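Each of the next two complexes has subunit A plus one more chain, namely subunit B in the first and subunit C in the second.
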Partner chain A sequence: MSIIEAKLNGIASQTGKVKIIVAAIILIIMGTLPFWGSGYMTNVFLLIFLYMSIGMMWNLLSGYAGLTSLGQQAFIGIGGYSVAVLTQVYGLSLIWGFAVGSVVGVVFALVISMPIFKMNGAYFTIGTWIIAEALYIFFVKWEFVNYGIGYPITAAYGIPMWGLYLASFIVGIGSIVIVTLLLKSRLGLTLMAMRDDSGAAEVRGVKLYRTKLICYLIAAFWVTITGCLLFLNQAYIVPSSAFTIDWTIACVFIVIIGGIGTIEGPIVGAVIYVFLRQILYGFPGISNIILGIIAIIIIIVAPKGIMGYLNNKFNLDIFSIRRRIKR
Partner chain B sequence: MDPILKVEDLAISFGNNNVLKNVNFELYDNEILGIIGPNGAGKTVLLNILTGTLKPTSGRVTFMGKDILGVRIDERARLGFGRTFQVPRSFENMTAYENVMASAICGGQTTQREAAKRAEEILEFIGLEDKALVLAGSLKLLDKKRLEIGIALAPHPKVLMFDEVAGGLTESEISNILDIVKSLKIHGYSIIWIEHVIQTMLNGTDRVLLLADGYDIICDLPQIVLDSNEVEKVYLGVRKK
Partner chain C sequence: MKKRTRFFAFFLAFLIVILASFSGCGNGEGDIATGGEAGEKSEIVIGYVGPFTGPLSVFTVAFDWVTEKALEEINADGGIYIEAYDKKLPVRVIKGDSESNATKASEIASKFVLDHNVDILAASWTPETSAPVSAVAERYSKPCLISNSPADSWLEGGPFKWSYGLMFYVESMMASYIDGLDKLDTNKKVGFLFDSEVDGVTFSALLKKMLPERGYEIVDPGRFAMATTDYTNIITQLKEAECDIVMGNQILPDFTTAWQQFKQLSYVPKAMVIGKAIAYGSDVVALGGDLGVGLITEIHWDRSFPYTSSLLGLSCEEFASLWESENNSQYPATSLGYDLALFEVLDIALNNCKDLESATIRDQIAAVSYEGIYGKLSFDENNVMNIPIVAGQWLEGETWDYEPIVIGPGNFPIIPAQDPIILPGTTRQ
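Here is the complex of A and B:
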């Protein structure tokens, strides 16, 4: 028994080492991409990291906290506009755009949480969408943000491609780190319990409101930061691009096909989504329809998404979230 | 001695369905109180009221001298209410070990380290240590029922409430559960144990309450309740309307 256990522990610590080495290799390759890859590849992976970030946060909300939002574009828009207004109108440096944006994003989340957290299920979903839509209309009519005309973000031209890439890389990897640490923490078991059965979790003593709010604020913060980068990359912002529901639809696609309620899901989903978008670029009219069909096929074949399927089938635990018994 | 839990004039209706009309009983410290009643008598409804997922139409529930009907569901768990679900509701994509840990953390407000230790103790106690790392969703019924007990037990509750933990099990499986319940009594727990029929609980309970037609019909020693006319009437169909 003890020999077997010792061997098992040996294997476990070996896979631990292998994981660290593989992760390090991937991080080094990805982190240095702009210095050896083509400009096209750099741009594709920049997008992958940004979409990974918003997908990861949407997954935290919908996959764990039971908060299915269709209004994440509100935070992307707030991020984008913070950068645009502070650099264009006030001539401040970019860092101010990020700082002010993230504060505004979190405060906005806190304020709207009061009414929308009173709503459940579909009402919450619709509520978030209506608020994002209202924000769009408000921006179109708001002189301070130059109405529907928007702004060019000239500060973006001052950033080298590798700089923007590295920032996106950090935000993308950062989203994985945030969610992983959250799930490994004490709160993580609470989140997983909520994911599986929130009613039973409450009976076990989970403070649903508080836990949901924590997730909502974390997501608001990180999505706003991601929004800053998404619009630095576009170098132009108008309300219709800032507050379009397309952002959240992308999140839904990424999380559903990748695997909701898993960490790996949004990573795989983002890679697939961005590559598909590149391929479908030539078919602007029907690209959403094709994405929809692909999503439906994957849902039928693997209802828990690609990683949900693989995790179950091979009993994977890539990010070592499972609690192990220490002896 | 004051009861740990006291239920007075409890009533609840769903539309025209007056499930509980007037229910009264007490649970004493370190007592195992069995509750029996036919299908639809409102046994599960009663537990749902006690744990806060249903609000009664009227009545009082006093827990350690405190009226708790206004207390939130999650707070009641932290006050010391642990329950099982008749249809097991363990967290299916978490392992048995994580299920117990989660309950210890949420209801018992422990650290992860303490929760891990507690989970190991409990899994051993309920005989699930060799399935600790199996996903709860893939456990078979007996193991799911055991896990329900383990989850309920994790935060050291003051009152344990079991909703048909022996329901659907075979004879030998039931005796397994019975052993667990008996040793819980030795550990000092106070337990409300619901079953569909009294036979299961005859030698595991201190008193048994018969719940039928919305009332606490009789509450006495198990053998007395078993032999009573009331049980005869309720279970042999000669029910007075």
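Here is the complex of A and C:
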């Protein structure tokens, strides 16, 4: 082993240690937040983790797999309704809501994947949106889910703040871990090859349909779980709030502002998005306009998002998914 | 490597700064339960969540004006005397915009409780606001007063320990409609035009029980999604069934589309009863032409009500006139009454509080029994103050383009009513 190689390995090892220490400190601080922070701080970070989770999954689809979906609200709604129906109508425990919701979400994703994966680009995007809208109309006319009346989720009243926060924390951090591991795996390589040039990737042996499907099902599963928590936090669900495209708009904002195609992007984007919403509540009527102007300014200044800009400028790569050739 | 390490250090510092800055927000959960330290309290804060933008924003048009009038009165002598602090505390209202969206309503209510540490949560208008705000109140054990939302759907989230409502029961609303319809010469065939939103489903289900009991036959084409743009199929079914009466509940843009299509298809029923869409004179004008003449709707408050405000000391007529003279526009009947009633109840409850513990405020809200802008009221076993609701008809007015008359008092016979005058179907075909 040459001296240079030894030095490089030493540097890499040192960087790895710094990363682990910083990550551990952050996780400890955030994981224990409800026990030392104020209720408001806990609630804000709870929202950050949930929005981070749906943003991370949208980034996985759009930023890495080239599947730009405008229909992620379908899975959020399925998650919320699973919890509501099973706890409110059948009196089952919350865990059943999560279990059934995740299964229904994945099965639904599997079913709709058959027609929409035959579409590409803008057609796929519009197809996912239409399916989510159709699901909304179906729910408002479906007696089993109480039409458009929806449900209060009274089981949520008794959940302590720290319990809901920790569940959201796990889901938020879990989304980072899932995406990072996925992208570091062989599947991650195929995803990026597919995103960059699906034709070339297919010629080189990448199984497009299978790769897309795995990615789509993982995102569906995690977004459904996140939807369960979003509506537990809200304790009330109606189709108009469950299947609103606002959820996907939030994802797009978070990812575009934070940096599409980066793992750090949705984290930064979620923090900014939730903070802005907290600040802008005091501007009734113009809050969305202000949000839009901020988004436009950031897109003009940093077209690749904040983390894309910082990564280019400072060569940062916090959640590195680069492969190193073993020597 | 150095750059990366610096970045990590920066990231950690950034996180700590964020956490530190948030530590300064709110007073922590301990204070939320106690309502703040006795010596530090300088005001009573009410956090109000309402739809100030979005499709329901029309209902909050009077809130700022009524708040100003109410607070002028409440804070006139320095505020409300609270024994625990041995001083008068002024009342302040902070408002948040739900954007007519349940998710936003929930987020804002949480912010009010956890960040602003409000003493009371308040919210108004439709289940999309009332249900999520009540849920937040129940979760954080914060007294909450909701105004104007159908009690029936709100109660599905109960039983409530912390939330109270100034609301109407849907049965009262339907009884008043049927009272008005009884006065008309029709074939008693009622066609439904109810969408699949909360109100549409609830109202149509109740009418299916009540109308046959009163001798009416129902023709129901089924529920449809909000923002539907083509009503041809529904209108054709109602026309073929020869319904003299059509009853529905829609927001204004949807009803405008539907009502114009009724006319285009040459089917104008003798009576068109439509909830929510035409709560205000300006809504009726917005229909265009004379499309609003004779339409029947619910009246949540009217200048003709024989009551006097406990807070302002004004009769309904005087209160409506005050709006019109100061704002140079027709009084927004639905909002004006409910907004004032909200402050009347809060004023009485707070004046009876010896301290500002959440439980004390909650108990004093529950104990309110008073006579005000809606007459004599107190909370029932469901935490609901049963607010009068009557059926009215829009007619061309002398002062304003359209003015309503009360035609069906329903469960509130003390409210004077007139006979309906014009049948839409008799004036155009």
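Throughout what follows, the second predicted complex is superposed on the first by the 325 of 327 C-alpha atoms of A that agree within 3 Å, B and C clash if a C-alpha of one lies under 4 Å from a C-alpha of the other, contacts with A are read in each partner's own complex, and residues count from 1 in each chain.
Note that in this section a residue touches a chain if its C-beta (ideal position, glycine included) is under 8 Å from a C-beta of that chain, and two chains touch if they have at least 3 such contacts.
Bear in mind that the values here come from a model prediction, so they are computed numbers and not experimental data.
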Note to self: So in the superposed three-chain picture, is A:278 touching just subunit B, just subunit C, both, or none of them (first/second/both/neither)?
What the structure shows: second
Original post:
Of the two partner chains, subunit B (first) and subunit C (second), which one does A:40 touch, if any: first, second, both, or neither?
Top reply: second
Quiz prompt | Partner chain in contact with A:195 - subunit B first, subunit C second, else both or neither | solution = first
Open item on the list: So in the superposed three-chain picture, is A:206 touching just subunit B, just subunit C, both, or none of them (first/second/both/neither)?
Closed with: first
Output check: A:140 vs subunit B and subunit C. Expected answer is one of first, second, both, neither. What do you get? second
Counting residues of subunit A touched by each of subunit B and subunit C, the higher count belongs to C
| request: Using the touch definition from the top, say if A:148 reaches subunit B (first), subunit C (second), both or neither. | output: second
Residues on subunit A touched by both subunit B and subunit C none
Listed in rising order, subunit C residues that touch subunit A in their complex are 1, 3-5, 7-8, 11-12, 15-16, 18-19, 22-23, 25-29, 32, 52-53, 95-97, 99, 101-103, 106-108, 110-111, 113-115, 127-128, 131-132, 135-136, 138-140, 153, 156-157, 195-198, 200-202, 222-226
The subunit B residues in contact with subunit A across the complex are 51-53, 73-74, 77-78, 83, 85, 89-95, 97-99, 101-103, 105-109, 111-112, 115-116, 120, 132-133, 151, 155
As the complex stands, subunit A meets subunit C at residues 11, 14-15, 18-19, 22, 25-26, 29, 33, 37-44, 47, 136-137, 140-141, 146-154, 156-157, 159, 161, 230, 233-238, 240-241, 244, 246, 271, 277-278, 281-282, 284-285, 287-288, 314-316, 318
Residue positions on subunit A within touch of subunit B in the complex are 185-186, 189-190, 192-193, 195-197, 199-208, 261, 322-326
